[in-house]
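There's a structure below that I have some questions on.
Every chain is named by a letter (A, B, C and D) in the order it is written, and numbering of its residues begins at 1.
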Amino acid sequence: MTHDASDRCLSKQLRGIIPPMVTPLLDRDTLDIAGLERLVEHILAGGVHGLFLLGTTGEGPSLSYRLRRELIERVCRQVDGRVPVLVGITDTSFVESVRLADHAADAGADALVLSTPYYHPIDAGSLLGYVERITEELPRPVVLYSIPSHTKAAFDRPTLARAMELPNVIGLKDSSADLIHFHHVLRLARQRSQWSVLMGPEELLAESVLLGGDGGVCGGANLYPRLYVDLFHAAEAGDLTTARQLHQCVLQVAGTLYAIDSRPGSVIKGLKCALACLGICRDTMAEPFESFAEAERNTVRRHLDEIARLMSINARTSETAR
Amino acid sequence: MTHDASDRCLSKQLRGIIPPMVTPLLDRDTLDIAGLERLVEHILAGGVHGLFLLGTTGEGPSLSYRLRRELIERVCRQVDGRVPVLVGITDTSFVESVRLADHAADAGADALVLSTPYYHPIDAGSLLGYVERITEELPRPVVLYSIPSHTKAAFDRPTLARAMELPNVIGLKDSSADLIHFHHVLRLARQRSQWSVLMGPEELLAESVLLGGDGGVCGGANLYPRLYVDLFHAAEAGDLTTARQLHQCVLQVAGTLYAIDSRPGSVIKGLKCALACLGICRDTMAEPFESFAEAERNTVRRHLDEIARLMSINARTSETAR
Amino acid sequence: MTHDASDRCLSKQLRGIIPPMVTPLLDRDTLDIAGLERLVEHILAGGVHGLFLLGTTGEGPSLSYRLRRELIERVCRQVDGRVPVLVGITDTSFVESVRLADHAADAGADALVLSTPYYHPIDAGSLLGYVERITEELPRPVVLYSIPSHTKAAFDRPTLARAMELPNVIGLKDSSADLIHFHHVLRLARQRSQWSVLMGPEELLAESVLLGGDGGVCGGANLYPRLYVDLFHAAEAGDLTTARQLHQCVLQVAGTLYAIDSRPGSVIKGLKCALACLGICRDTMAEPFESFAEAERNTVRRHLDEIARLMSINARTSETAR
Amino acid sequence: MTHDASDRCLSKQLRGIIPPMVTPLLDRDTLDIAGLERLVEHILAGGVHGLFLLGTTGEGPSLSYRLRRELIERVCRQVDGRVPVLVGITDTSFVESVRLADHAADAGADALVLSTPYYHPIDAGSLLGYVERITEELPRPVVLYSIPSHTKAAFDRPTLARAMELPNVIGLKDSSADLIHFHHVLRLARQRSQWSVLMGPEELLAESVLLGGDGGVCGGANLYPRLYVDLFHAAEAGDLTTARQLHQCVLQVAGTLYAIDSRPGSVIKGLKCALACLGICRDTMAEPFESFAEAERNTVRRHLDEIARLMSINARTSETAR
């Protein structure tokens, strides 16, 4: 299989809001196809700058390879170039990562997202070697993905400095929630103008963009894509008043919908449950997680009402301000 | 596909030494077939009580599914019932775990080894639900596998107490290195006579068997199967003098071959390099690790000489003692 | 001993830059008195809003109680009301914390800074009980101090929500570097107008103030007090351009002077060494740390030159901009 | 103050059971003197080989220095040379450690127990320098104490290898619960015949002594000193049957009395509550912990009955076996 990386690649730097799409399911190995189609349109209608499949929020590693391939094909076909599609290929197996990447390229994906091989603990030297070897074999540009809470390994600064020189690596999605690290990486990246540094946790989107970051991979943009897009634009434009206001909305979303319980998986459960309440897609979780029961679903509904109220107050305030 | 679990199952409780076999490779997706055949015979010649494929030492999660299936088939055919073959099916995807388990059962494997789905962090409640659901679908008896250094999650006591009641779960391989936990779990298990509790780290084999454990999954038994089998029998028989002596040999192996450097992967690299020095199989590592260079290989050679000397002193001492 | 908390208390909410002063030493139990006097004047000349003694940067827990008392007395006398003086009383012993607090109050300190008792691990319930009991006995208003990297325990949101209702607790210094937590705590605090939320790590000062925080306890303000004061004012005023520029200076300080090596204590060693290079005070470290040797000191000198150059460029740029 | 270390020092290697005594209190700064006297006699009557004051179980770091000094004086006077008295002097302040050590030596203590200065994180190099400098100034032989769950730092093997050469350091109390580390350290120590390696967690006493360790610092020996002394002697003598039986009793104690709840401090609370139930001393906890309420106390009583029953069965069985 040969790839011509140039015939369909990212024409410019990744910037803006690139939601990590949840994966709508009917059961553990069946896509909720109607829900998926509604979800993609719902997200794109919010003005997002890209779409990221099979990340952590997308429960990528929990899905069968068959289902992952089906998802990639369907979404690439539906999006059809309206925004760049990024596909998560993180795997413990080098060979399976490359295989999935080849499939994604054939389906029309624009870029790949790669975290560390996450079963064995790994040191910085081995990680760099791995990144150098695998990116050489990947058919599309690669965004590195740091999420040590899940992979046990972060990309440190020397590794990233080296990665910035690799021809096929175009940026970093930093889900470490370590802002000190983020700021130092951003300083490094600004010496290489085309390198994107994207924020993972949406609670940190405002500040990361205010201080020079390139955007965010915000889970909440599955639900409220416009909120995150507006916050990005306000922060980018230096409109502090709006940025502060929308930042409070984001905190409201994260402090309620993502905190229904304090168990792992609650962010994704909260997102899927809220999407189900809004009639967009099913809330079936991939193993090993279980969907919320009726009691939690009622709490989610109540939170959705409060968020709607807060967002409409903001909208009216900002109308008045004009 | 239907399975008759009774037509080929473990006729008695797992006990003894069940080496986690390293996976001999020619390159990242090709088995070293001649090396594999020599390795299997080398291990079986040591009198081991079973063989465990595709565990951590076997770099299971780093291999392609195709290669994993090939390995299972070849080894099951070669072992041909001489000892039980256990196959690691740990995966982040429920569906892929079951698929690999079905393949293993068809190839003639006797039991399956299952750790936690290790990408997402997981709480005890979700883990128990997962174990209940997946073991119902698995075609062979299951040994649970606790290795929180790699999976970020241990099986706690309430989860294990419940798992002991599941018809398809026959034991635990505990690689937590937490002996306090091990002792408490062993107390629980002794209330269910057929439930095996096996030790992971070989440095803890002596004490675990002296105090009632059922054996060990010792990486070093790839290299010196007889040493670990002898230690097991001595500890089981309450022969403290021999057990102490052989425990010192095990510490010598672990304190030298596994400590060539302090980077993750050094245990497996040390084992594979030593096997290559002895002419048994190639030392090619699966990604993301790299094999030792010539300098480290020379150190391994020197350590092998010292170990041989120590073991022959022990052998002579124990001759004299008879 | 009785205290009249009202006769000398903080007349208004804590806001701004409150440097955690390093403790100049001649040897492990002797103050560098001349250096201390120069350091206090150097810091106050930068326009800071308070002075915090015996924190982590001040190596408080490493010093004898006699020396701590001497330091408190000398600094309170020298400052003489020009800015509020805060004194760290964190201790593993409740009784010793109260004793030091009483001494500080008698010496004229304005507020106390209290982290968790840090030897035994502690759960949230026990921590809250402790805070309730000890703050009742303390003679001055208390700022809580969260620094889990050192104390193994953070103040969680429910504990802080309760602490905000205690009459004697006036704020939080958050050195967790967990911005998500910080934002949620700040939301809570804004419902109680007088409660201060101060940032610990100076790399996060810009964003915390841009998004509503009350200031910072910045170690670098021992060296460049004016830089941090200017950054605080710019961020508070919403002057993004200046804030971004000064934020880069702060990153330059932290990325060079604090990173001479990667061992614990390097931040304090870097600060003390730089102060010594500038002729302000001695760089003797309290046990268990040792001062930098000549090689590291030369590196520090080189970094000081680069920082001076960067800061003068900024100054000229901002002149031009006016 | 001068010390003649030779006039009252440990005449031989530390071996056996050296209970870490709980500190009986009437309130947060007052000793329960009558309870203390009963407790000391209760423990000594069990045939222990030493007594360790002001350790973790003794809530040492939680007590005022005045109370610590009073405790040392009273216990040294009461013990009066019947067994060696060891005193914990671990502190974040070098100067306070030395001061307490001098006081202990003057009061007649035989040895000192020193962990790492535990506020600041510390690297191995700084820790070794600290140990070298402080042990030179200490007036009695020193046992190092590794308890990373509380101090965040373990003594690694190179540090211990060097410490074994220091004239004033006579052994290690290892509360890391890391048996692999323990075994390797024991191998090192056996090359220096007088160096003691003592086990912290009592659940690991049996195996540590069976495999060559020198004894244990068992919290449960406050309550059942004879049980731990008998287990030590059985394991030392290679009497596996008795060792296994008594090991089960120890697990019963730890699995019930120490697990009343899962909060930090539950081991000490369980011990003190049980001692109070038996009429030996008060169960007042030092801050920040609170004593058990009536409900937990009733559970403790029930567990004490079960333990008594199990121990009497064992006693009868072992009678019969003779």
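One rule holds for everything that comes next: a residue touches a chain if its C-beta (ideal position, glycine included) is under 8 Å from a C-beta of that chain, and two chains touch if they have at least 3 such contacts.
Only a predicted model underlies this, so the values are computations on that prediction, with no experimental measurement involved.
Shared contact partners of chain B and chain C, listed by label, are A, D. Here the spacing of chain A and chain B, counted between their Cα centres, is 37 Å. With each centre defined as the average position of its C-alpha atoms, the distance from chain A to chain D rounds to 51 Å.
Along chain D, no residue makes contact with two or more other chains. Interchain contacts close the chains into one ring where each touches exactly two others, per the touch definition above. Every pair of chains meeting the contact definition is listed here: A-B, A-C, B-D, C-D. The touching residues of chain C, counted against chain D in their complex, run 28-29, 56, 59, 61-65, 67, 92-96, 99, 116-123, 125-127, 129-130, 133-134, 149-152, 263-265, 286-290. Within the complex, the chain C residues that touch chain A are 177-180, 183-184, 187, 201, 203-204, 206-207, 210-212, 238, 240-241, 244, 247-248, 251, 254-255.
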